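Two complexes follow with chain A in common, the first pairing it with chain B and the second with chain C.
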Partner chain A sequence: MFSNAITWWTFFKISIHERLIYRADFMLGTLMRFLPTLTQIFLWWAIYDVISTPGSIDQTGGPDGDIAGYKYGDMVAYYLLVIISRAFSSMPGLTRGIANQIRSGEVKKFLIQPVDMQGCLLMQRIAHKLVYYLIATIPFALVFWLCGDFFVDGWPEWDVLIVFYCSLLLSFLLGFFLESCIGLIGFWFLEVTSLTFIYMLMTFLLSGHMFPLDLLPDSIGNFVDFLPFKYLAYFPAAVFLGKVEGAAMYQGLAVEVFWVVLFIVLSRILWWKGIKHYAGFGG
Partner chain B sequence: MAIIEIKNLSKTYKVYQKQEGLLASVRGLFHREHKEVHAVRDINMTVEEGEFVAFLGPNGAGKTTTLKLLSGVINPDGGTATVMGHVPWERENEYRRKFALVMGQKNQLWWDLPALESFRLNQHIYRVPKQVFEETRDTLCEMLDVTRLLGQPVRELSLGERMKMELIAALLHQPEVLFLDEPTIGLDVVAQHKIQKFLKSYQQERNNTIILTSHYMKDIEALCKRVVIIANGSIYHDGSLEDIVDRFSGDKIVTLHLAESRALDGLANLPNVIEIEAPKIKFRVERDEVGKVLSQILGAHAVDDIVVEDPPLEEVISNVFSEAEKSQEAELAARSNN
Partner chain C sequence: MQPSYLKVFLTFARNSLIRDMSFRMNFVLQCLSSMSWAAMNWGLFKIIYRHTGEIGRGTGWHENEFFIFLGTVWIVNSLVQTFFMANAEEFSELIRTGNLDFALLKPIDTQFLISFPRVNWAQVSNGILGVLLIIYSMFKIYSQDPEAAEIGTAGVMSKKFSWIAIPAFLFFVGCGATVMYSVMICLASTSIWFGRNQNLYNFWFYITNFYRYPMEIYQRGGGIGMALWCTFTFVIPILVVSNIPARILAQPLGSPWKTWEWGLAAFAIVASLWSLLASRWVFRKALLSYRSASS
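Take a look at the complex of A and B:
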């Protein structure tokens, strides 16, 4: 157990070291993340401007009006929070990375060496994320400070904040294990690009990345509620903004735990079945 | 007790067969035709501790598949194998800490980081005590003369340097059994030679068991006493290198350095002349005839120097390969007729 911990710790340190080599690329990527959000904010400005009473202004200086319970300020705050959720839950390159390792035969390494592939990938990912947060903190803090006025209801209570942080950590695990599962399908289908694309599309639409899920009509919204996607972006933001409160908030957190556990189990099964298939097939 | 025991080991791959053309591609969506490729059939062999064995054979003969089976990367379809008492494809950690597989065409190091980092990771993966790790690492680096390169990112190393690092990474946990799959592929002669020298002294020092595949006869000549020729998935010959030359080549190559170039005129019509470069002549003679032919020539001409040697190993081996393939195919044809 102890020696395992040392292995993981070493792996973690090496991953951080590796990531820091690409710090310039990282910095640029971080800044670029804000661009699409900026477009969305302008778009919503235009929408609110159309639906609001001409000339009226809310307390943030934006146009007046209310869409599905979101004022213009809420909307901006929502998108900023979604950037944070996605900073935890998005796993660039994970799916394709796993599939490529399977296809190129690099996965052999994990059959020959006494070390677990998923553990390695998880350590690597945690390291990458930490480096990312380290670099992104300054631009994030700056943006949040500039946009502080949009958080019209101020900062949430401490219990809400704790749930918010928990949901962020869980969204990291959910994103990791969900995408791992898709990558591991590569044991059977050597090419997973189209699956990755479908997954990306689903996350865009159903996670709340593009718009708050409250905007969906009930018929679709109820269905989306049953899917894991909303925990990747919408749920943490909704908790922070008080859109999900009290019992519903804790219930949501429990469901998120359920999804995480489900995908952990599923990815382990896929791995064991996968290497058996691989070993039987060749490579 | 034998360290590696292989009994009736077989492995068949299913290979998807695609016919040419668009229509066939569409058909392939619904119904796929598979062809069975018998990569390894019914292999039997034992390897004793401390042996350095070469697997020789044409591309696709089943050498790498056998190594993959022995290192537990793939499961067999039939037969058994044990290495140090473990069944490889059960992939127990205890087994995995005791062997290593190095593939000349695959990279196991962290591309963007200095090799040192990969070494340290392996230290922990294989649970090598710190002191042992440092000693082994320093010795290996010195032997391969790469100490000064330890801090350089792997991507900036030359192929030969990288291969040396790969070897070190694989040897840090002092594996008792080592599988080397074409470790010198793509390397220049100097680098090849260095790796050969290293492997030789390393193996002599540690007396560990090594199985090597290579297409370079020089590797095999330099390192292996025992050679296993694999063709079409079966063992065709298992014995010493000399055995192979004895068994598969009936000829000797004779080079005469004549005292007078004029004498060449009388010899140029010998059968099987390879080259004439006055006053030297090189020709091929059947082994049993060497004495007779030479005494005839020596009786008639003045000769300064005589060299009698075996034909180059490459040539012998390529004969063996084509012979092996033919006999295997004949055997298969006979089997399918029955």
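Take a look at the complex of A and C:
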């Protein structure tokens, strides 16, 4: 148990150092991430301008219209918050990494060494993400300070904040195990590029990354509500903005826990079934 | 002897097609994937137009007009991705590996040689989708009964279609593609100085993000908006790329073109020539700093 902990700690430390190499590049990259949000701000201004009473102005200095319960300020705040959710839940390269290891035969090392593949990957991810938050805090703080006026209601209550943070942590786990599952399918398919692409498309659309899910017509919205994707982006943002309140908020959190557990179990099953099926191509 | 550039280009195109056709399933998947991104984009605006009738008050970008705009963006995008994108990435790679040496040795213009060797045929699918979307939206706009339109949504005027619009549209799409090509060559050339430009694609995505919407949304956006509009019209002229051709077909304001619209169109021609020259200059300047790599 103790030696296990040391192994994990070593993995963790290596990954941290790995990530600290290109700090400046990293910070710049993070700032650039907000550029598309800039166009979103103008686009939504133009949309809200049309549906508002001419000349009217709300607290943000923007038009006062309302789309599916979102004021102009809410809409911009939503897009900013979604960037935070995605900073937790997106796992660039995880699926492809796993599939490549399976295809190239590199996965063999986990069959020989007393190290669990998923545990190792999880440690690496946590380290990467921690470094990311450490460095990205500066550009994030800058942007949120500049855009502070869009958050009309200010900071939410403390219980909402706690749920918000929990949902972010859970979205990290959900993202990790969901993408692991897709990567592990590589045991059977070898080539998962198209599968990854479908997943990317689904998350972009159904997680609320593209637009708040409340905008969807009810017939589609009710269906999307049953999928795990919305916890990757929409749910934390909606909690912060008070779009999901009270009992519904806690219920949502519980459902998120359920999805996380489901995908942990599923990924374990896929792993055990996978290595039984594994034939060890390549060197 | 002067090489025949057209023949060389046709050979490139043919080779690329042969290569694409040897992995047919991959080709189909690539087509499908780029088309599904486009479809999602379309879906987003379909949803937005459920809640509003226009983007920007009084700009005339109603649903059908806007979809002409979107179609134009797809067409320009598909041109860029078919002809330039893969090549620009390859150029960065040539610099890093030092294989640019071989391109420099060949008795043909280097910029031509690195700009066109690969034609990514799968990306044509998006352009076709764009054409279809434009035709469909045009049909909806011009088949509107003028009297019914007058009573219906405010501000909709009957528009008259003239056949001159089509060659004009194609001409300005061409201008747009030229501008995009120039911006891309400039970006790719920077990898000579930086050693490697891994963020090329990202940076490209972030820049082109600005030309995906009608420019009115910036013009009405206060100080920052105006600054953005000026930057992306006069410094990096990517806003004219989509706006001019789309305006020609969609005629968002319904009335004959105003002076500023003519002015902007004239500017688009100047801008495309100017940016082509600028890219040539940057490319040459960058080549002077090239010091080869590896062996």
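Simple rule for what comes next: the second predicted complex is superposed on the first by the 274 of 283 C-alpha atoms of A that agree within 3 Å, B and C clash if a C-alpha of one lies under 4 Å from a C-alpha of the other, contacts with A are read in each partner's own complex, and residues count from 1 in each chain.
By our rule, a residue touches a chain if its C-beta (ideal position, glycine included) is under 8 Å from a C-beta of that chain, and two chains touch if they have at least 3 such contacts.
Small disclaimer: the values here were computed from a predicted structure and weren't measured.
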*Sharing chain A, do chain B and chain C clash or fit in the superposition?*
fit
*Where does A:P114 make contact in the superposed view: on chain B (first), on chain C (second), on both, or on neither?*
first
*When the two structures are overlaid on chain A, which partner does A:M210 contact: first (chain B), second (chain C), both, or neither?*
second
*Treating the CA centre of chain A as the corner point, state the angle out to chain B and chain C, nearest 10°.*
90
_One more residue to check, A:M32. First (chain B), second (chain C), both or neither?_
second
*With the two structures laid over each other on chain A, which partner does A:W45 touch: chain B (first), chain C (second), both, or neither?*
second
*Please indicate which partner A:I6 is in contact with in the superposed arrangement: first for chain B, second for chain C, both, or neither.*
first
*Least CA distance chain B-chain C after superposition, rounded to whole Å?*
9
*Any idea which chain B residues touch chain A in the complex?*
11, 13-14, 39, 65, 71-75, 89, 91, 93, 96-97, 100-101, 106, 108, 110, 112-113, 117, 120-127
*Give every residue of chain A touching chain C within the complex, in rising order.*
25, 29, 32, 35-36, 38-39, 41-43, 45-47, 49-51, 54, 67-68, 194, 197, 201, 204-205, 210-211, 215-217
*Show which residues of chain A lie in contact with chain B when the two form their complex.*
3, 6-7, 10-11, 14, 17-18, 21, 105-106, 108-109, 111-115, 276, 278-283
*asked:* Could you list, by residue number, the parts of chain C that touch chain A in their complex?
replied: 29, 33, 36-37, 40, 43-44, 47-48, 50-57, 59, 199, 202-203, 206, 209-210, 212-213, 216-218, 220-221, 225, 228
